[in-house]
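Take this structure, written in structure tokens, and hold onto it; I'll ask about it next.
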Amino acid sequence: MTDGGAADGVLLSASGLSLERGGRELFSGISLQLRRGQLVQIEGANGAGKTSLLRILAGLSRYGFAGHVEHRAAQLFLGHQSAVKGLLTPRENLAWHVAGEADFSAAEIDAALAAVNLYGYEDVPSHALSAGQHRRVNLARLYLSRAPLWLLDEPFTAIDRAGVGALEVRLLQHLEQGGGVLLTSHQPVTLAYPLLRLDLATGTLQ
Amino acid sequence: MTDGGAADGVLLSASGLSLERGGRELFSGISLQLRRGQLVQIEGANGAGKTSLLRILAGLSRYGFAGHVEHRAAQLFLGHQSAVKGLLTPRENLAWHVAGEADFSAAEIDAALAAVNLYGYEDVPSHALSAGQHRRVNLARLYLSRAPLWLLDEPFTAIDRAGVGALEVRLLQHLEQGGGVLLTSHQPVTLAYPLLRLDLATGTLQ
Amino acid sequence: MWTLFHKFGSPPWLYRLSGSILRWLLPITLLALVGGAVWGVLFTAPDFRQGNSYRIIYIHVPAAVVALAGYYVMAIAGAVSLIWRMKMADIAMRACAPIGAALTFVALVTGSIWGKPTWGTWWVWDARITSMLILLFLYLGVVALYEAYENKALAAKACAILSLVGTVNIPIIYKSVDWWYSLHQPASIKFTGGSTIDPSMLYPLLFMITAFYCLFTCALLLNMRVEILQREQRTAWVRALANKGAAG
Amino acid sequence: MTPAATVTFCLRLLRRQLVLGLRRPVELGNPLLFFAMVVALFPLGLGPAPDTLAAFAPGILWIVALLSNLLTSDAVFRSDLEDGSLEQLLLAPQPLYFSALAYVLAHWLLTGLLLGLASPLFALMLGLAPGAIPALAASLLLGTAVLSLIGGIGAALTVGLKRGGMLISLLILPFYMPVLIFGSGAVQAALNGNPAGPFLAILGALLCMSIALAPMAIAAGLRISVDT
Amino acid sequence: MTPAATVTFCLRLLRRQLVLGLRRPVELGNPLLFFAMVVALFPLGLGPAPDTLAAFAPGILWIVALLSNLLTSDAVFRSDLEDGSLEQLLLAPQPLYFSALAYVLAHWLLTGLLLGLASPLFALMLGLAPGAIPALAASLLLGTAVLSLIGGIGAALTVGLKRGGMLISLLILPFYMPVLIFGSGAVQAALNGNPAGPFLAILGALLCMSIALAPMAIAAGLRISVDT
Amino acid sequence: MYFNSLAAALQMDGHGAFVWSAYFITIGVVAMMVYAPRRREQRFLRQLEGQIRRSEGGNPPGASKEV
């Protein structure tokens, strides 16, 4: 977990971000630095602009906003959509993932699927999975990835309570190994770890 | 709120439901009667079969299960997918809804949209809405429908905390007017109302 | 040079400049069009083979020539917008498409009207005509793509890519259509191509071609002005303009 | 459900489908432009000789109509299935027969009707004798309606499968063929100076039959597709 | 990213796209059956006179190839955009140029290659002179690759729009036309006893040019589409 | 002037209908090319002015849409 990242531990830095969509100013003047070991939650009501901000930070939105974003480490971005193909099995989905991070061995993939409680479903076509299982296929990437910077857009959606608990454990582990996590969630994050909150309305990090 | 429903207040009755998918038995021997004023939550982990059961109860799955379902009142079913067309505005989505419950006046629709906090977004194409707002367009049907029986599959997904609160108020109101609600949710339901739990593993209602 | 480049990137400057250009160019253009048409229709001798239907040439050929040139203007603007990210080039590119489509349409319709008395048919699949039809498709494709995007900044980028792809392709399309036509060699119809044209016909024709180029410029500027206003609607200068316009 | 309520509902569905097809009136140009382009392919492929083109014009226009129907009928129910609208439609109290008819009608208005109305222009471009143009337009208007109804059946049966596209073509193309034969036959008859009436009458009979039967098949297909 | 890693990644992408296209080997038959049916439409529509059919067989087969490419290229990126795979692809460390190429290659393998290989059979069905068949197959193999690359550009530019289908056809059909001309020209030349070589050389040149340029346009288009 | 009379100019030996219709269609298209953007500009400015007035001058008289 040492690839990427500058000496000062900053994984991602952004300055003066502001965005206007459909004639509404969603946020303005947001500057933030995410360092190793930091857990930041973006807060805001539905439509506040959390997803838009995350997509700007990930580099997916490139036009129409003001400000500057700088990546200093490899990133893992999980969006609202799960990038899981219904025709492929969970195993194939992970082995042939388009994000192209690395070649994972079959054992690694099976372990990751087991970690998200899909043991026994490795070879079922993904469209036959339940909504939560479908999202879990995507979340299995959290157990595979070696990227230090995680950008997660509502990772807990459709996951049952036990699953949320397991995910939180994984986040904690990643943070303790020096990763950084930026996430949005409408469910309260109950992690025994210092949580910074980014309020979109005021643009401040607390 | 008096259309439909037999004299004994039973809105929906099912007996001896059992289902097997992909070689796994999801549930068996489930019998339930939903009466006016009852709030029932189906419990189970991801992949337990909650959605499958709801679809059987709604009459969408008609083959491949054992048992018998009887509807005695008009129903409103909201599934995992929101049935909201990205190209249409929220107002058009509700006015031309394919569920064809009734002709709603423009004022009714605007009131419903305002109730789910989409005031000001009535005429934005729905694909420009955020994930939560997209679901809210669908949830606005809860403010329009006159069906006494509600089957809701994870209605709180992607909704922010204030929105969940408002929805719970609406559920309460519906229950007090003699409606019945059957829902699934991975988030705890914090309603000041007696909640019955249907455990899929044991098939019992508590 | 560089400062001029930057000035072209400045919307209010371009808006004002185009206003002052249009103030004299537009009337002159319209006058020239009417004058050239009257010259061609009423004051020249008819072609000895085609008789009076030859008079359509004074709109048919200029429209065809300018429509073709317009595609290159559009592609160059597209390239500038993609490479230097110049907003005004975006706008110019977008403005070219409907104008070019209109001129191509004029060329096709007048040609088709000309064809009826000359060849006895409204339409033939001649090489030149077919490639002009394809040019119309290309223009309309750009218009349709631009209209389909809601975010106009992205629409302009997409259209720039499309028009660049088109630029690479236009010579290929032309060449291929020529080959196609010569491959099949239908004997029935031939353009008189290469026939020397009488100076008394040539001068009004050249005059009309110039007038059509001016028309293209005027329409381009007019379209760009609207686009500039729409893109810049949140800036102070457009708001001031709106207030002034409403008061006056 | 009262009949009046059903009619209102179907009109609403029709309006919805039309708006989904043409969000802005400008978009009406797209199908027409598409037809023009596909028509232009044929001279480019078959050669520009005016007499052969004129002789093939009925067949070419009919093949274009058929292919554009084929191309688009896969999409009739697909997005509605994917976003959950279809299951809501099945739960609606109105009879599915009429809803299915509304979907097909919208599809026809956006493909067949437009093509039928624009066909005289394309016929001129291909050099079809002007006398055969009424027969062409009439046969296209009647025949494409049949095509849309048949295409709807294929769409309903295949929409639940994760892979549509190709399969639907295989299912419905054989059923399209009689329409193609009678449709181009009508124009050919008019070209040869024979009355096109009998061919048009057959197309009309096919249309009546498919209006009566196809929506039932579509409704049954949709119920199965939503169940998977 | 090392070149080796990029190659592995692209091969993985290719494999994924092929599996998505053909989950079961049986499905390999669908495109072929589709071609056969569309080819059968032409005798029905144009009239079955053997000599005219044989004369127009090159054009007919090329038009079918072109339309089937048109039909399928809309789908190249659409499902990936809808389920979020496309944004993951853009975030991948590998250069998008090669990923785009992998997508297009998969598309070509499933449409153009199959059609090229099966074309001798269809040519015989239409009565094409056997001497022209090698030219036909070669021109189809080369030309459909160009078509797939061009189609990819159209798909990339329109995939972010809520309305696909028609628009992509409008964008790419004009660019398809030269390929159609040179492709059917090659077969025509072979039919007339002239060498098809020059035409094939041009198709090859077009292919080289589009392999160099189209993936760049596709990559730029995808970045725009994901941004909407 | 090549033609002797107005009638001759209109007739042009039977080609008049073609020539004149071609010119009239062109006039129509050219007029649209010049007129359409000017009208769009005017309409846009008026609309923007209304928008500014609404946002600055509080509630407009006719729009009391309180929820």
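In order of appearance the chains are A, B, C, D, E and F, and numbering begins at 1 in each one.
What we mean here is this: a contact is a pair of C-beta atoms (placed from the backbone, for glycine too) under 8 Å apart; a residue touches a chain by one contact, two chains touch by 3 or more.
Because the structure is a prediction, the values reported are computed rather than measured.
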item: Count of contact steps on the shortest path from subunit B to subunit C; value: 2
item: Which of B-E and C-D has more C-beta contact pairs; value: C-D
item: Centroid comparison with subunit B (C-alpha atoms), farthest chain; value: C
item: Farthest-lying chain, centroid of Cα atoms versus that of subunit A; value: F
item: Length of the line joining the C-alpha centres of subunit C and subunit F, rounded to whole Å; value: 18
item: Centroid spacing, where centroids are CA-atom means, of subunit A and subunit E in whole angstrom; value: 37
item: Computed distance of Cα centres, subunit F from subunit B, in Å; value: 53
item: Residue list for subunit A, restricted to those that touch at least two other chains; value: 63-64, 80, 86-87
item: Multi-partner residues of subunit F (at least 2 other chains); value: none
item: Per-residue overlap in subunit E, given as positions that touch at least 2 other chains; value: 23, 82, 163, 167, 170, 173-174, 177, 181, 188, 227
item: Contacting residues of subunit C [partner subunit E, same complex]; value: 82, 134, 137-138, 140-141, 144-145, 148-151, 154, 157-158, 161-162, 164-166, 168-169, 172-173, 175-177, 179-180, 183
item: Contact set on subunit D toward subunit E in their complex; value: 23, 27, 30-31, 33-34, 37-38, 40-42, 44-47, 52, 56, 58-60, 62-63, 66-67, 71-72, 75, 82, 163, 165-167, 169-170, 173-174, 177, 180-181, 184, 188
item: Complex contacts: residues of subunit A adjacent to subunit C; value: 63-64
item: Touching residues (chain side subunit D, partner subunit B) in the complex; value: 8-9, 12-13, 15-16, 19-20, 23, 79-80, 82-94, 99, 223, 226-227
item: Touching residues on subunit A, where the partner in the complex is subunit E; value: 58-64, 74-75, 77, 79-88, 92, 95-101, 103
